[in-house]
């Protein structure tokens, strides 16, 4: 795929495929176009050229919402939550839209115990039940990030795109997020954008390196770590992280 | 001159004069809305204030017309800074609805105040001799006042153009309209810039209000009636764009005049129909950013 | 402690879970305080028998405000042309009578709802793709064009002088309209009860929840697969239909209609009512309409200029200090008190 903003080529000839059960990390310097790529996959941006295929089906013409209903879920780099609603409502809304409950104008939300129970199940798996009735904006940032992930999971996705899931989360809480990522269903294809190399090496079976909008190289974690050119690209930005130095937070 | 050509020239001339009024009054609104994303429905009230100030200066204090215009613009521009600092600043982060309602409230208060002090009857303003009557341009005569309005308008277009495109400050404004956060990060003091543009915009609105007395009449409901027009010009032209405001003012001003000339009652339609058509095709206006 | 006690004691998490579920399950049930406005409405009938015409106007405005709250308060869409729907409803009924001699009132209401709903659907379908200034100007321009159309064909619409003398058949053929507006008031209140019940159901339904989602974060809604445009057009259509019914009631209970029903003033008025009462809370429409109209009735008799200044000032103060309206103030007070009592 290609994506141009005027004369600026933000995404250049990117060819990416995720297999079922993939555990892929997308890394690269700032401004490499990682989030743009996710936006192209999820339908936030249309490609200037190229296609997006899901299980062989061409979804390039589909809107973001249509792709979401086909099983593509994502988290945003900066939380996109329903801040004025309770945590439980955030989840039940996502489930309601997934199942078509929200097409119902007549029956009260309270009448649908199934949705509520499923929402609470998701919250329980992320230890958020105690916050269920709190407004999202009252939660500390780290727990809000958990809600962000919970919503993506509540969509029962087949493809999950996580944009820096641990970003901004204090290290005391980031283990919760990493545990969730670890325990994701084996069938889901997961792509994670990350800067923290410890997270990347813990999670990824394959790594794609994006530089200046194009794929620089791709390989297993071992191959990438040994790659001199990758180190050179990161040097000055996050070289110290590649050598396993500072942690996030 | 043949009949059709005569009508066409009249339409163009009157339309241009009207367009100049629209441009002068609306350009401030466009830039401030583009810069701060702030919906200011009290803009019409600033224009009205300028008009009434000119009335008072010329009628009660005997100040000649042109100096009154200048004084009124400067005074209203200065006073608007107080409003910006004290009130508007608190609502930059507020929702559209809150901004709309606050500024409508201010507009209502302004209308009521002016009604109380000046009464509801339309006011007129004494013009210098050379602005009354007609001016002869050789092939035909034109109303002097409208010619004056066109000249003033074109002069301001040139001045603003130069200021926008050629000066440092203009560049800063354009940068901040384009991307506020980026502009702040390169050291541009956006807050101060906004106060400046707001004062300038309000001053220009006051000028437009003063000029409008002879053209359109002035009574306290001016603030709301013409507000719709200013919003239309701004929306159709595109927020934060000088070019856009000018183009929109020309298109709307001339089409409205043409409509009223040619179709009498039904002519009022054109301006709204054009607005809907343009916005459906280009929702951000002619030169707005999506 | 017996072993059975340990086994049966719910864990802290489980009880928190049950509490959360219970809250959602019972949220839509009628609370006792909800009876208050209705009791007040009934009481008004007996306490102010000579103010029934005014009370009728209040009831109509409450209905109109409710329709706007659906899109403004719940879906978060700011439009400035809502008076257009009020006007379409008003004129549907008026023209049905003036041109076709149709005098049955209740079927008139249904016709107004359908016609206005249809307009709302078309307008919404085209314009709800946009937000902000674009949407405001599109809706405002459309409303003005409608008004201009009416002005153009003042032979049909009666122009700004209006169509007078629109008398309707008695309700159900039995209840004759009296000079003091008693029957009108009860009629309007009855319709308001039905409309309110419908709006309340929508608000507490999953669809209603989706609306609040759109209001809170439309990006997120797209990302979870919500057909946002479809939802907005749906609620806009319903809102238009209700506004149309309010307009129809206006014509029926005033026995005349003029083009002023399309005035921008009407659109602005009802927005002010909502912010005074509190948006996105069903009863905000009630409180806001009552406050606004009572103040207007009192102050504008004294001096219209004074009233205009007063309402402007009230608006400014409301936005600065009580942006969530009277109900918001109540909520703040309640939260403050409950914190006080806890500590």
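Which chain is which? They are A, B and C, in the order written, and residues in each are numbered from 1.
Just so we're on the same page, contacts are C-beta pairs under 8 Å (C-beta built on N, C-alpha and C of every residue); 3 or more make two chains touch, one makes a residue touch a chain.
The structure presented is a predicted model; accordingly, all values stated were derived computationally and were not measured.
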Distance-to-centre winner among chains (Cα means, whole assembly as reference): C
Longest centre-to-centre distance from subunit C, chain (CA-based): A
Centre distance in Å when subunit A and subunit C are each reduced to the mean of their C-alpha atoms: 40
Centroid distance [mean C-alpha coordinates] between subunit C and subunit B, Å: 35
Inter-centroid spacing, subunit B versus subunit A (mean Cα positions, whole Å): 47
Of subunit C, residues touching subunit B in the complex: 72, 78, 126, 129-130, 132-134, 136-138, 140-142, 144-145, 148, 151-152, 264, 268, 271-272, 275, 279, 305-306, 308-309, 311-316, 318-320, 323
Touch list for subunit C against partner subunit A, complex: 12-13, 16-17, 19-21, 23-29, 201-202, 204-210, 212-213, 216-217, 219-228, 231, 234
Interfacial residue positions of subunit A with respect to subunit C in the complex: 42, 44, 63-66, 68-69, 73-74, 76, 80-85, 88-89, 92-94, 96-98, 101-113, 115-117, 120, 124, 129-130, 132-133, 151, 155
Subunit B residues within the subunit C interface of the complex: 33, 39, 87, 90-91, 94, 96-98, 100-102, 104-113, 115-116, 224, 228, 231-232, 234-236, 239, 265-266, 268-269, 272-273, 275-276, 279-280, 283-284
